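The two complexes that follow have chain A in common; it is paired with chain B in the first and with chain C in the second.
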Partner chain A sequence: MILRIWTLASNTVREAIRSKLLYTLLGFAIALILLAIALSQLSYIDNDRILQNFGFASIRLFSVAIAIFVGVNLIHKEVDRRTVYTILSKPLSRSEFLLGKYFGLLITIWLQLGIMVAFFVGTSVVTGASLGLSDAAVIALLCVELALVVAIATLFSAFTTPMLASFFSVGIWIVGNLTRDLKLMGAKASDTSIEWVTTWLHRVLPDMASFDLTIEAAHGLPISASDLAIPMVYGVGYIVILLMISMAIFERRDFR
Partner chain B sequence: MIKTTARAKQWLSLAISLIAIATTGAAHSRMDFMSNPEPAEIVVPPRRFARLMTLGFDATFADYYWMRAVQLSGGEENADTDATAGILETIVEINPWVDHPYRFAAVWLTSSPAIVERANRLLEIGIAHHPLEWRNRYHLGFNQFFYLDRPLLAADTLEGTIGLERTPRYVPRLIARLRSSQGGLAVASAFITQLIEETDDEFQKAELSKALDEIEIERRARFLDEAREEYWRRKGRDIERVTDLLTGPNPVLERLPRAQLFLDGFEWILHEETGVIVSSFYRSRYELHVTPSDRARQKRWGEMRKRQEGV
Partner chain C sequence: MTTSNDIVLVEDIVKDFRPGFGLRRKRVLHGISFRVREREIFGFVGPNGAGKTTTLKVLMGLIHATSGRTSILGNAVNETAFRRQIGYLPENPYFYDYLTGREILDFYAKLSGVERNLRASRVDELLGLVGLSQAADARLRTYSKGMLQRVGIAQALVHDPQVVFLDEPMSGLDPIGRKDVRDLILRLRTQGKTVFMNTHILSDVEMVCDRVAIIAAGRIRYEGAIDEFLVAGEPEADLVLAGLPAETAVELEERFGAKLRGHGEQIELRVAEKDASPAMRLALNAGARVVSSIPHRVSLESIFMTAVNESQDEEAAS
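Coming up: the complex of A and B.
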C-alpha cells in the first residue's frame, strides 16, 4: 500500500513541477524576498527584523498560494483528462489515489519552500541579518501549516471544481487566521450568542495563527518545546481528520 | 506577396507597441505626485479591527505602518502628531512586541498635553511587554516630569529603572532631585541612603554619597532662606551678602553652617544671576534645572489640563 502511494506521489511531484503556475508564484516569492532588502532600508532602525518579517511573510503567503492553486487542480486534471479511470482500473483504491496525490503535492510544496528558504537565508547572510534556531522553528511550523493547507485543498478538490475549491480553501485559510481574534472579540461582546459562535468557530476551523511564530522569532521571545510540539500535534491531527473526510467523499464520488 | 504582408504586419505591431510604450511613459512622467506626496490622512485601520485586517501577517503589517510613521514624522518639520500617534497605536495593537516605536512615540508625540498622554499610554504598553527595558520607563518618567509637570509621579516611574541593565548611573540622583522638588528633602535623602545600603558597586556608592552631601547642603541652604526672610522682616530690607545674617545689633544667626561638608575654603554666596543663596562649592541649588521657556510651557499646559478637566 505504501509503495503504491509512494509511486503515485512521486508521479504527482513530477507532474506538479511542470506547472507554470508554480514557477510563476515561486518567482514572485523570490522577488519579494529580495525586495525585502530594499524595504527594510526604509526604516532607520531594526532593519534586520523588518527584513526577516517581510521574508517570512513572502514565504508564507506564496507557499500557501502555491499549495492552494496547484493543489485544487491535481485531481480535477486527472478527471478532466480521464486518466483517473486508467489509474483506478489498476489495483489501487481511491483512498490510495487521494493519499498519493496529497503526499505528492506536499513534497512539491516543501521543495519549493526549501528553495524560498534558501533565498531567504542567502539574503540574510548577505545583509548580515542574524539567523537562529527560532527561525528554524518558524519554518518547521510553516511546514505543518502548508501540510494542513494542502489537506484543505485536497478535501475540496475531492468533490468540487477547481474554481470553487480554491475559493473555499482561501476562505478557510483566511478565516482560520482570524478565529483567535474573533474569539477574543466574541468574549468581549455583550451578546452571549456571538461569544458562542466565535468560540465554536475557533474550535472547529483550523487555527492557522497557532502555526505562526514570526513575532516570537523576530523579537527574540522565548520559544519553548511545547510552543512547537503542541501546534505540530494539532496540525497533524487536523490533517488526518481532513484526509479521512476527503477519502470518504472521494470513495463515493461519481466521475461520470 | 504573403511574405511582404506578414512583414508589414510585424512592423505595424512593432510600431504600435513602441507608440504605446512612448505614450504610456510620457503620460506617466507627467503625473504630478511629488507636489502632493501624501494624502492628508494615512488610512489606518480602526484599532479594534486592526488585528483582524492583517490576516495573520501581524509582524509585516506592523512593520509597514512603522515605516509609514517614520516617513510621516521624518518628512515634515511640523509633522501631524495626531496621525503619527494613530499609526503608532495601530502598530502596538497589531504587534505589541515591537521595540523602537515606543521610544519613537516618546520623542515625537510632544505637541500637546493630550498627545503626550497618548505617548505615555503607549510607553505603558511598552513597559508591560518589555519590563526589563529601562528606556521605556525613563521616557515615561521624563514625559511625566518635563511635559506634564508631575515630578513625584515621574520619580515613581523612574524608580522602576533602578537595577535594570544599562540604566545610567545618574538616574538615582535624578529621582532624588525629583523627590526634593516638592519639598521632600527627607524623602530624597532616605531614598539615596537606601540605595547606598543596597548597592555593592563602590563607584555607585561614591556617586550616591555625593548626592547625599548635596541634599544636606540644600537643607542648609533652605535654612538660610528662612533666615533671610526673618532678616527681611526685622530690617525691612534684603541682605546684600549672606554674612549680613550674622551682623547688626540683633543678628538673625549666630553663625553660618558649613558651605561644604568636608572641605574648607567654601562659603555661602548670593548667586550672581538669580540672587539665591548658594554654596560657592556647588554654585547652584539642589533642584531640577528647567529653562524659563520650558517652565512657561509647563504652566501653560497645566492650565490647559485644568480647564479640560473642569469641562
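Coming up: the complex of A and C.
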C-alpha cells in the first residue's frame, strides 16, 4: 500500500517539477521577497522587522495560493483527462489514489516552501538581519498550515469543479483566519444568536490564525513548546478528518 | 448459473444516472446479463450509446451499478487485489504527457506490483511488442493518437494479466496498426488469456471473436458463439425482378412471405432460398424479367442491424 501511494506521490512531484506554472509562481514569490529587502532598506526604523514581516507574509501568501490553485485541480484533472481510468484499473484503491495525490502535492508545496525559505534565509544573512528559533517555529507551523490547505483543496477537488473548489478553499482560508476575531466580536454582541453562530464558526472551520506566529517572531516575543505543539496536533487531526471525508466521497463517485 | 470456467459474470445489471441535479433518473443499463468464459475472445458489440463503455466501467469499478451482480475471476469488482490479474484499455486513453513511453509503462508496472528486478525488462518487452521501442524515450505529448493507443495496450499488458478488457482497441489505428492489434489479441488467446473487447467494428469481431453479445439501448439482444450466429436462421435469397405486374407482386408476398422493396421499375424481394426457384418461375410466367438472384448470407451485420432496429422499434412504441 505504501509503495503504491509513494509511486503516485512521486509521480505527482515529477509532474510539478516538469510544469512551468509552478516555476512562474515561485519566481513571483522570490520577487516579492526581494521587494521586502528593498522596502526594509528604505525604512529608517527596524529594518529587520520589516524584512521579516514582509518576507514571511510573502512566503505564506504564495505558498497558500500555490497549494489552493494546484490542489483544486489535483483530482479533477485526473478525472477530466481520464488518466484516473487506467490507474484505478490497477490493484489500488481509490483511497490510495487520493492519498498518493495528496502527499505528492504536499511534498511539492513543501519543496517550494523550502526554496523560498532558503532564499529568505540567504537574503537575511546577506543583509545582516537576525534569525532565530522563533523563525523556525513560524516555518514549522506554516508547513502544517499548508498541509491543511492542501487537504481542504483536495476535499473540494474530489467532488466539484476547480472554479467552485477554488472559491470554497479560498473562502475557508480567509474565514479561517478571521474566526478568532469573529468569535470575540460575537461574544460582545447583544444578540445571543450571533454569539452562537460565531462560536460554531470558530469550532467547525479550521482556525488558520493558530498557525501564524509571524508577529511573535518579528517582535521577539517568547514562543513556548505548547504554542507549537497544540496547533500541530490540531492541524494533523483536522487533516485526518478532511482526508477521511474526501476518501468517502471519492469512493462513491461514478467516473462517467 | 455460474460455471467454473466463467471468468466474467454479469447478472442483471441496472445502471441509472442522474442527468443533472434533479431527482429524475435515466436508465442506461436495463438488467443486462452475460458471461465470458476462460480463454475466449469475447466481443461486446453495439452501436454508439448502447451501453458498452458503461458496462465496461461497471466491470472496472469506475461506475457503481444501481443493482445486479458482477464478478471477475470470482471476485466482486469493487475489490482491488484481484486487479493484478486484469488489464484494461479505456476508449481513447489519455496518459501523463510529461512522461516518456518508458516512464509511463514503468509507472503502471509499479502500480501493478511488477517486481523491481523484472520491471525494466518487462517494459522493454512491451515497448517492442507494440512497436514503440524507437519512441520509448520521447515524451508522450509528442506521440500521435495511434501511438497513444499502443501505449494504452502496452500498459494493459505490462503486468501480464490473465484477463484483458479492451474498449475500442482499434480506435485511432491505421490499417497496419489494426492488423497488429488483431494479431496481438489472437496471440493473447494462444497464451491462455481471456479477452473482453468492446467494439462497434463488426469485421474485427468476425475475425477475432469466439463469442459475442450484442447490446442495444442498454439491453442485451443476442449472446452466443460467432459460428452460431452465422449459421442461424433459414438461408435466404435476394431476387431483383423487372416488369413485375402488381397482382403477381401481391401473390409473391402471400405465397412466399416475400419482403418487397421497389427500385424504380425494378423490385427487390427476399425469399427463403428454397422458394427462390418457384418465385422466379411465377414471376417469369407473369411476364417479368429476372435481373439477378443472389443467395443472402446471414452476417453479424444483419443480426446487429436487426438488434438495433428492434431496440428502436421498442423505444418508439414506449
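Quick note on the criterion: the second predicted complex is superposed on the first by the 255 of 256 C-alpha atoms of A that agree within 3 Å, B and C clash if a C-alpha of one lies under 4 Å from a C-alpha of the other, contacts with A are read in each partner's own complex, and residues count from 1 in each chain.
The rule is short, and it goes like this: a contact is a pair of C-beta atoms (placed from the backbone, for glycine too) under 8 Å apart; a residue touches a chain by one contact, two chains touch by 3 or more.
Small disclaimer: the values here were computed from a predicted structure and weren't measured.
Asker: Record, for the superposition on chain A, whether partners chain B and chain C clash or fit.
Answerer: The answer is fit.
Asker: A:Thr7 in the overlay: touching chain B, chain C, both, or neither? Say first, second, both or neither.
Answerer: After superposing on A, A:Thr7 lies in contact with chain C but is clear of chain B.
Asker: With the two complexes superposed on chain A, say which partner A:His219 touches: chain B (first), chain C (second), both, or neither.
Answerer: Once the two structures are laid over each other on A, A:His219 reaches chain B alone.
Asker: Taking the superposition on A as described, I'd like to know which of chain B and chain C A:Asn177 touches: first, second, both or neither.
Answerer: After superposition on chain A, A:Asn177 lies in contact with chain B alone.
Asker: After the fit on chain A, how big is the angle at chain A between chain B and chain C, using C-alpha centres and going to the nearest 10 degrees?
Answerer: In the superposed model, the angle at chain A is 160 degrees.
Asker: Quick check on the superposed pair: does A:Ile87 touch chain B, chain C, both, or neither? Answer first, second, both or neither.
Answerer: second
Asker: Report for A:Phe255: first if it touches chain B alone, second if chain C alone, otherwise both or neither.
Answerer: A:Phe255 contacts chain C only, not chain B.
Asker: In the superposed arrangement, does A:Arg18 touch chain B (first), chain C (second), both or neither?
Answerer: After superposing on A, A:Arg18 lies in contact with chain C but is clear of chain B.
Asker: How many Å separate the nearest C-alpha atoms of chain B and chain C in the overlaid structures?
Answerer: Nearest C-alpha pair, chain B versus chain C: 27 Å apart.
Asker: Does any part of chain A touch chain B in one structure and chain C in the other, and if so which residues?
Answerer: No residue sits in both footprints.
Asker: Quick one: in the complex, what on chain A touches chain B?
Answerer: 39, 42-46, 49-50, 53-54, 56-57, 60-61, 174, 177-178, 181-182, 185, 208-209, 212, 214-215, 218-219, 221
Asker: Name, in rising order, each residue of chain A that touches chain C in their complex.
Answerer: 3-4, 7-8, 11, 14-15, 18-19, 81-93, 252, 254-256
Asker: Flag every residue of chain B that touches chain A in the complex, lowest number first.
Answerer: Of all residues in chain B, those touching chain A are 48, 51-52, 55-60, 62-63, 66-67, 70-71, 74, 95, 97-100.
Asker: Within their complex, state which residues of chain C touch chain A.
Answerer: Checking each residue of chain C against chain A gives 17, 57, 60-64, 80-84, 86-90, 92-96, 98-99, 107-108, 110-113, 152, 155-156, 159, 165.
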